[in-house]
Amino acid sequence: MPNPRVQSMLEKAQAARRNRARLLISCPDQPGIIASVSQFLYSQGANIVQSDQHSTNPDSGLFFMRIEFALPDLQERADALRDGFAEVADRFRMDWRLEFASVPKRIAIFVSKEDHCLLELLWQWQAGDLFADLVMVVSNHPDARAVVEPYGVPFYWIPVTPESKPEAERRQRELLRGQVDLVVLARYMQILSPDFVQEWRHRIINIHHSFLPAFIGKNPYARAHARGVKLIGATAHYVTEELDEGPIIEQDVLRVDHRDEVEDLKRVGRTVERNVLARAVKWHLEDRILIHENKTVVFA
Amino acid sequence: MPNPRVQSMLEKAQAARRNRARLLISCPDQPGIIASVSQFLYSQGANIVQSDQHSTNPDSGLFFMRIEFALPDLQERADALRDGFAEVADRFRMDWRLEFASVPKRIAIFVSKEDHCLLELLWQWQAGDLFADLVMVVSNHPDARAVVEPYGVPFYWIPVTPESKPEAERRQRELLRGQVDLVVLARYMQILSPDFVQEWRHRIINIHHSFLPAFIGKNPYARAHARGVKLIGATAHYVTEELDEGPIIEQDVLRVDHRDEVEDLKRVGRTVERNVLARAVKWHLEDRILIHENKTVVFA
Amino acid sequence: MPNPRVQSMLEKAQAARRNRARLLISCPDQPGIIASVSQFLYSQGANIVQSDQHSTNPDSGLFFMRIEFALPDLQERADALRDGFAEVADRFRMDWRLEFASVPKRIAIFVSKEDHCLLELLWQWQAGDLFADLVMVVSNHPDARAVVEPYGVPFYWIPVTPESKPEAERRQRELLRGQVDLVVLARYMQILSPDFVQEWRHRIINIHHSFLPAFIGKNPYARAHARGVKLIGATAHYVTEELDEGPIIEQDVLRVDHRDEVEDLKRVGRTVERNVLARAVKWHLEDRILIHENKTVVFA
Amino acid sequence: MPNPRVQSMLEKAQAARRNRARLLISCPDQPGIIASVSQFLYSQGANIVQSDQHSTNPDSGLFFMRIEFALPDLQERADALRDGFAEVADRFRMDWRLEFASVPKRIAIFVSKEDHCLLELLWQWQAGDLFADLVMVVSNHPDARAVVEPYGVPFYWIPVTPESKPEAERRQRELLRGQVDLVVLARYMQILSPDFVQEWRHRIINIHHSFLPAFIGKNPYARAHARGVKLIGATAHYVTEELDEGPIIEQDVLRVDHRDEVEDLKRVGRTVERNVLARAVKWHLEDRILIHENKTVVFA
């Protein structure tokens, strides 16, 4: 249980979101989709609060849509709503889901030693800026326990060595299964196994430093410094089998100059990483991200 | 006639926009608007390319919508489309208009001595970034003639003194009437009469420097310098009877520091002004701005 | 005493700054200042690590300088250094001070109910990004106690009513006197008396929301929303007798749009406020700010 | 000869810079450099207007310095100044040069078909924001002639085919030799031969698109689009033998999103390229850039 202050903030946020839902749709583009979806919602008595669409190409492309609507007695009518919409969805061969805005997504944060991303997420969460159920923090080091537990969030220290890794992952996945909707890798420095990634496909968000040009491999900050880059960036993305090649959710950069030593670049890197990761997580929690192929559509 | 290079760019842009139209709507919010509008467009065979909505409040607020759609033989079917939509519009008490994307808006640029905003608009226009018919440049000084005429744009030098002002305005308004859709005040340092503003209400865009805090009155840059501000801003807005109090379209700032003299602040101010004005004009040309009360909704 | 984790971070930071000092100078500009100062430091065996200068006007203006240097056995030689430099200083009629980089400034944070600025400062402090001795947090409300005390920082709840204000200020000033170098008003919503401000002149930093245009008086966010502003800003400044008119240290803005309700503007305002205040405090702690008249020179 | 308007602006700028010079220094760091340099300038009667230093490491690193100073009768005393300073320079084993602020650097702009960078440079130059002698524009295509010649700037069309390339380069280098101080590659799409680059080492500035992650090779914009990047960047750098691997002068990014097609990414890329290149050129013209190894020190 979160501490009482956070708990009361979450309850207030939940109440404010009552009777709000989001419909997320992707399908082949064709005329009539918006008409049919909005007609259906109207017939149900729903009031569209926000609607965003995107088409990769009106002729033969893909269509994406996010509709947030208000509907009295939403919970009671959820089944009927789903059944009714299934017919519309069938007609347009839609991938779709219905999300209740008042149900906080359950998240697990994975962290290693560097805690700047963890702290930012904790802070935004306890300030009510991230509406989520923070179910657990998992780390391969014990260090973060002290900052996590005062918030009433369970902390699991699961050390990882080359030998213990399979067992550690087994335990991690056991902890997550059925308890969590999203895993956030907040500078978790272990590579997840392909099995893990597959099970949690598009439900793991990672944060990664980024440079212009790229410095792939060891010691990127030292090499960025040697090259005299003027910008330090970060990329938040969903994790796929190809490691850092999953769909990009958000990117940003901050400025550095010749006076910045390697340590300064790292400090700037921490700032841009925590900002970018927090934005990406927030958008995921608010169902603002749709994925197709290896790209995201973010209705920010 | 624009010079041949610009002319050919405009023609290409026009061809790319053929059969595209934008429907702009404001009305009291109520359930069923999106459903009805999208159903109507579907029934006409139109394909929605982009759709943006905003509601100030789903219960008793105002609803704003911009739909861009593609429809074969658009020009031929325009009258039928308008007639048909009028019924939908009546039902929801809509303010609405239909704009053809391929018809460039006709703009007049007013300028005094400082030509940075004029030049930015000219450059973006000749580069094809502003799709418009640049009908004339009007100035109370002769200086800008040399940069305007090589583009094949008519330049009118209409001096303004306290005595000649009424006559000058009469001539300006005569030039504009029926020839122009939008007047851009690109650092035009004369105050337009209330009559002029009324006639061109919400069709004049002005650019104005902005500071934190505000420095109202004379010598704002000198006073901003004396106060040691760290940001220099600009605001683009529609002109209303209350001078610089009209609906804000866009704002931005740039950074300055203690090394910047008054002249540097002015230089930075010019840069932020030209960027902000060009964005505001672009959004207007693309029918992305809706006005209500003293605010804008910008579907950027 | 800070908790052990923070304590160890502070000690490491201190060690890294050993034998580092900063010389801060303002005086009438004239030829030879840099030559004399650098010659003096050289004669003492000091090595200049960073040097920044600014002149408002080489002819008859003011000259500002910040030199950071390394000198073996700095502490032992401090008195001799000061005595020696006094001669140089006399010659050029300098205002000057010598600051030891390894001596953390002692700060007190004042806060009311909104804790976003307090939290940012706490976080940056415990992360080692703000090198300071956080001596106390003072509030007119008890709410912040829970976030402050886990860090081992004393928290003083001093309620303020119109009647109790003189007594409350008396107690606050008693707490501060001799214990604190800088007071940070981190959304402290009580106006300090002129006496208080005078005693702590240029040693109180305040954070203030800022808008383009300005909305002076009550409910600025509601009025900014009604006006449809596109930017929300914040200004950090030293407190002087004229309230929010003291020397500006830093300003920044963030973008908002028509979808943002008053509550969203406030949320954005909190983000820009915490960032701007933290930067201003950091620069003060690192002796990067010189004040003259009502302006700052920031050698960032 | 530039057209009269530009010519008069240049002459005014020149007058404002009279008696101003810049001393650029790099040498092994050791105590006493600043003292000696500033002492020397003082002894000459010079008044330091701006001074920037940087040391990679006070112990065994490199020291960089840029001093801008005012000295009456500068031109007449230039030789004495140089002779005198040579002694100081010898003592510290300095690389150094003395630049007169009133002598505009002579630049040649190379361009291919895309003219956005050329236009930005022309505009800033004619507005007085780039103080330079624009000696010529060289292109392998005839297209840019129309925008260049109205400014009174000679335009050379030198077509380049695989066969004609050696001869074309020979002609280009002949045009440049003795006439030009800086070559700006403003989207010049031909690779210069190693000989050319060697002759003009650190005197050629190039602009290059940049992405996070990098897309090396063909069709970078299409690949950036396929990958769904959220930022489009540009890097301005000096050209060295390793093509795009020379010292970075400036970088920046702009934001894109899922609605941006490949063409939009290119348009955004053009904007960021022209801004970044213009800043880099401006800093070079003002002698704000020092190079060591493969990095720049930019005293911006």
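Letters A, B, C and D name the chains as they come in the text, with residue numbers starting at 1 for each one.
In this text, a contact is a pair of C-beta atoms (placed from the backbone, for glycine too) under 8 Å apart; a residue touches a chain by one contact, two chains touch by 3 or more.
Keep in mind it's a predicted model, so treat the numbers as computed, not measured.
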Given chain A and chain D, the chains that contact each of them: B, C
B-C compared against B-D, more contacting pairs: B-C
Interchain centroid distance [CA atoms averaged], chain B/chain D, Å: 36
Cα-centroid distance, chain B relative to chain C, in whole angstrom: 42
Multi-chain contact residues (two or more partners), chain B: 50, 259
Complex interface listing, chain C residues touching chain A: 3, 5, 50, 116, 119, 123, 127, 129, 146, 150, 259, 267
Residue ranges of chain A in contact with chain B within the complex: 31-32, 34-35, 38-39, 41-42, 45-53, 55, 58, 70
For the chain D and chain A complex, residues of the former touching the latter: 54, 210-214, 226-231, 233, 235, 247-248, 250-253, 257-259, 294-298, 300
